[in-house]
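Chain naming follows the written order as A, B, C and D, and within any one chain the residues start at number 1.
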Amino acid sequence: MKLQEYQAKRLFAQYGIPIPQGNIAITPEDARAVAKELGGRVVIKSQVLVGGRGKAGGIKLAQDPDEAEIVAGKILGMDIKGLIVRKVLVDRAIDIQKEIYLGAVVDRAARRVSLMASSEGGIDIEEVAARTPEKILRVQIDPAVGLQDYQTRQLFFGMGLDPAYIRNFGAIAQGLYKCFVASDASLAEINPLVITGDQKMIAADGKIDLDDNALFRHPDLAAIRDSDEETDSERLAREAGLSYVKLDGEIGCMVNGAGLAMATMDIIKFFGGSPANFLDIGGGAQAEKVAAALRIILSDPNVKAVLFNIFGGITRCDEVARGILTALADVKTSVPMVARLVGTNEEEGRQILASAHMLTALTLSEAAQKAVKAAAGEMVA
Amino acid sequence: MKLQEYQAKRLFAQYGIPIPQGNIAITPEDARAVAKELGGRVVIKSQVLVGGRGKAGGIKLAQDPDEAEIVAGKILGMDIKGLIVRKVLVDRAIDIQKEIYLGAVVDRAARRVSLMASSEGGIDIEEVAARTPEKILRVQIDPAVGLQDYQTRQLFFGMGLDPAYIRNFGAIAQGLYKCFVASDASLAEINPLVITGDQKMIAADGKIDLDDNALFRHPDLAAIRDSDEETDSERLAREAGLSYVKLDGEIGCMVNGAGLAMATMDIIKFFGGSPANFLDIGGGAQAEKVAAALRIILSDPNVKAVLFNIFGGITRCDEVARGILTALADVKTSVPMVARLVGTNEEEGRQILASAHMLTALTLSEAAQKAVKAAAGEMVA
Amino acid sequence: MSILVNKNTRLLVQGITGREGEFHTKQMVAYGTRVVAGMTPGKKGLEVAGVPVFNTVREAVKETGANTSIIYVPARAAPDAILEAADAEIPLIICITEGIAVQDMINVCAVLDWVGVRLIGPNCPGLTTPGETKVGIMPAQIHAVGPVGLVSRSGTLTYEVVWAMTQQGLGQTTCVGIGGDPVNGTSFIDCLRMFEQDPKTEVVVLIGEIGGVDEEKSAQFIKDKMSKPVVAFIAGQTAPPGKRMGHAGAIISGGTGTAAEKIKAFNAVGVPVANTPEEIPGLLELVMRGK
Amino acid sequence: MSILVNKNTRLLVQGITGREGEFHTKQMVAYGTRVVAGMTPGKKGLEVAGVPVFNTVREAVKETGANTSIIYVPARAAPDAILEAADAEIPLIICITEGIAVQDMINVCAVLDWVGVRLIGPNCPGLTTPGETKVGIMPAQIHAVGPVGLVSRSGTLTYEVVWAMTQQGLGQTTCVGIGGDPVNGTSFIDCLRMFEQDPKTEVVVLIGEIGGVDEEKSAQFIKDKMSKPVVAFIAGQTAPPGKRMGHAGAIISGGTGTAAEKIKAFNAVGVPVANTPEEIPGLLELVMRGK
């Protein structure tokens, strides 16, 4: 689960990390009111969970409340990479002297949390990593003792900053690590961390991704999920316990197992088609869950064919077949479907589907090829 | 720093450990009021930092508020092993079905925190350890992950308790460990942990020793130090940064270094004397601190001789000598003194003390023998 | 021969009285796995599929000589279960459980590294040495005895590949699912090293997916340390960045972890990468002939 | 020969610009110790007694090849300082600092054990190999070169014993103060093992005190593993139970840690225990003659 910028920054503030004064606005009038209360120049920032908001025109300065209202009016309702802006953050503008980067991530290879810092802040850290990897400094944190001050000093001196800021930086780095651990984050970034004209350090932007597997420990964080950011399909899938990712293609897929689901998408592509989604029904899915999955697939108007690829182990093919029929009983559709069911109870599954007059296949390649042809409107048997 | 029982139990309660309802009383009337509020039978417990309160008559039951007032009246003001009872804890009496022991300690050999449990609760755990060591179960806690549930289950099943209590016990054990770590304790004991007639587990008594070296992290705990428990000398020593322990003997000692201070006491004993105190002035002590130390020693009416044993390294003998003279300028005393100063600036030190007409010695044995004789009223030179 | 598990494996099932634990215990017993003990706190004295249940792992090990443990407990209890097995000095632990918080795994791995215990998983299908033992949830009938070692981050995709191999007459020494989580106990390289040393394994199949850099490191290891041929498959070529594809570990983030990079790394060291699972048997025959 | 430190010791001083750090740096340089670097964050470019100061330990090691570090920083900063030295792969760290919280030391020791770094202390006087190097705060003039290895939990009591030996013509190979805290880096046994292996050491003096069971374990070790004679002294025979005698570790609690038990343990394995520090040289001559 990803937090919006304003949510991330409010969480940072709880761990002693300085953030700009500001507030959320959902109308231009709100934005004027916030700007008036703050006084002086403000920055108006679209709250959407996507990178490149600035380049897309979703972040703008305003000199006074009047301009704040006008600017907010332009940003609210914008479409940024497919997401509609429904909230803006109105922050007091900062006098930026220098921008650095500070982030905490799970370092998979080291199996530890790493803290990363770079004197090249304010821009996409991936660009820095690609262009000047030596400008990204990194320390790995031993879980037995947590982040040590010497590690924050290694980052600090490595960036070559003015020693006057060493305490500020150390406190912010410790706050970020504590925030990361306490909220079970998988990513927590301050980019940029700004050194201001009046000699302070402040988190001008924030990003936090939470570990979904640990949300049970954080009901307070789970409760602030921003449902604006989910499509209806994504919400339905989440509620049904399905792993679902919408894509731009035409062939809907329903598969048991994440690796096999990815492989199925890849094979559709390999045979010239394009997958409409990733969908993993998980292990041992019951008919009801399968039906929910099919309804979600069919609700995508781009879908021109559906491919069922089930390799039954714990999952029973007959149960999947029953779920498919359940969904087809409510949703009338003319979309062609290809079923490839192998493994546990495959015979029973095929018999159940016989009534639905579906295309069938024995191998994954055969199934993918049939689905690609069907989506292209070609007759297949 | 040791916490009183009521302080320990209140701290336990913050970590979800059930404790009896109760409150503190400093007068018999208070005790009646508390007992009335609680209703039913109560137990009245002297709050002094010493073991064996029960045997000494410092813990008694009372059937009603009238009896509570009478019993509290007897306990308040009692002298238990040299400590005057100034507070009693009035707790609702518990219906005891079974008593177990649960404690967290620093396991020095393992360099970890250990949790110990025994089905033989309610009595001195040292007795259990001596008599039936197999009845003490113990798990060591890895600081990287903390106390694990499997460890609490090992203790639980090892004690052979009714599985119905497994969750209660697990929660109490986790609470105790969290309390131990969060308050930087060196010892935290629940003895007894009581299984009640109504199927609950409750901490009937509690003991916490805090790590003095970590008190800086716990101003809240440092603030509840019970000064009733300190003698004036102990308080003065603590405030002057001296390590001081009062003993029952006649020869006051002032030494630099804890090991040497203990060895000095031992040698006094070896030569037939008895030390009046342990006193370590630490490394590099200034005259002022030395003077404070001597004043504390001389305030003990049992002291019949004083031995200064200084092996100068960082500590300068001249500085010690100056401190001694400073103290002797205020405190007029006829107590004989033996000075043995060696190491850094020993000559200067001896010259400064020449005016004070003290006994001197070159070796520790010589010094100790002279002090023993002087304390016995024998003339020495 | 084989790696990690064989007919001498004496298996303990942690969470044996749960729905999944019971179901798979029966399946494993039916396959011939020597399941010697089960463990569920407070359930001592029960039996599941003829297997005695104990209250603690220590007790189970003491009474039965279990030398391997498999864990079917819910995600919140799994870190504790892993540490309990390690504390009882079981040298090989397989954790099937999906959905363990990543910071819990960071802490658990720190302890396991310290005590020197091997963990397979979590979020994995376990492992099978055909004809000897099945320790996990893989369907039994897809396997056959043969010269191919297999290691995979996936579950059903593995079955697909194994089944395709078995149908082509290519049996397996051991099939290991290392799991789809970002932080796990055993890496591809750990398994490649063991397969390289296993006399019966002639060729290795590696099934990777997007996320992390374990495949890239494996390519380097194959180049530097392996004499046996390896064939690879990478799932997720069509996965978009920033989206978690089911597995917690299957995510392209920070510009790394793409299938293209992984395929490139394998190609660079002469490891053929299959386009579809069905191509794998053919590639295997090719590299085995080329030896 | 000697143990742990010698003329090849290249010393880094952490906290070199502090009052104590500066004072003892000068003393060590005067003794002939090769102090190659100092470290205080933000003080790069300064010099103390001709020794260059760096911002981080890594930088100091890289620039000067320091192979041992001594720490003179306040108690709250000391755990971090120890871990910084370990992270920079300095294999031997001496921590003089007194008053470190015991739970901090538990955590630090867990990391040090994992990375395999040796810590002497904390709350110790350091160590001296007479004629070669002094790494700590022991007074220089009390030492002489000779055949006695010494290990102690105490500071000034050690000086007393060393001085008594030196006056009797008994010099030392190395004198090690392991410190008076309940949880520390190096035990008596660690040092006994090294003295046993050191060709120059002919006899060992062990100075213990009340608290813990390190002395009892040492007695067992001496019986099982040592060929060289050992003489002991135990401080605290007159200490009352439950009271901390200065050192955080010097406390009789839970009925263990008494001087009587420790003396009994040594006597039981034939290790003579001196009644006074001044008896030690005589006992040494006795056991050396008896060899």
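Here, a contact is a pair of C-beta atoms (placed from the backbone, for glycine too) under 8 Å apart; a residue touches a chain by one contact, two chains touch by 3 or more.
Bear in mind the structure is a predicted one, so any value in this text is a computation, not a measurement.
**Q** Please identify which chain has its centre, taken as the mean of its CA atoms, farthest from the centre of subunit D.
**A** The most remote chain is A.
**Q** Going by the touch criterion at the top, tell me which pair is linked by more C-beta contacts: B-C or B-D.
**A** B-D
**Q** Report the inter-chain centroid distance for subunit A and subunit B in whole angstrom, where each centroid is the mean of the CA atoms.
**A** For subunit A versus subunit B, the centre distance works out to 56 Å.
**Q** Calculate how many whole Å lie between the centre of subunit B and the centre of subunit D, each centre taken as the average of the chain's C-alpha atoms.
**A** That pair's centroid distance is 28 Å.
**Q** Between subunit C and subunit D, what distance separates the C-alpha centroids? Give it in angstrom.
**A** 48
**Q** Name the residues of subunit C that each touch 2 or more other chains.
**A** Only 107, 110, 114 qualify.
**Q** Among the residues of subunit A, which are close enough to touch at least two other chains?
**A** 142-145
**Q** For the complex, which residues does subunit B have touching subunit C?
**A** 142, 144-145, 148-151, 153-154, 157, 163, 166
**Q** Which subunit C residues qualify as touching subunit A in the complex?
**A** 23, 75-76, 99-107, 109-110, 125, 137-139, 142, 152-160, 163, 180, 182-183, 207, 209-214, 217, 233, 235-240, 243-250, 253-255, 259, 275-278
**Q** Once bound in the complex, which stretches of subunit B touch subunit D?
**A** So the residues of subunit B touching subunit D come out as 105-106, 108-109, 111-113, 125-126, 129-130, 142-144, 181, 184, 186-187, 211-214, 216-217, 243, 245, 247, 255-263, 265-270, 274-275, 278, 280, 283, 311-315, 342-344, 363-365.
**Q** Which residues of subunit D touch subunit A in the complex?
**A** 41-42, 55-59, 77, 79-81, 83-84, 87, 107-108, 110-111, 114
**Q** What residues on subunit A touch subunit B, complex-wise?
**A** Touch residues, subunit A against subunit B: 142-145.
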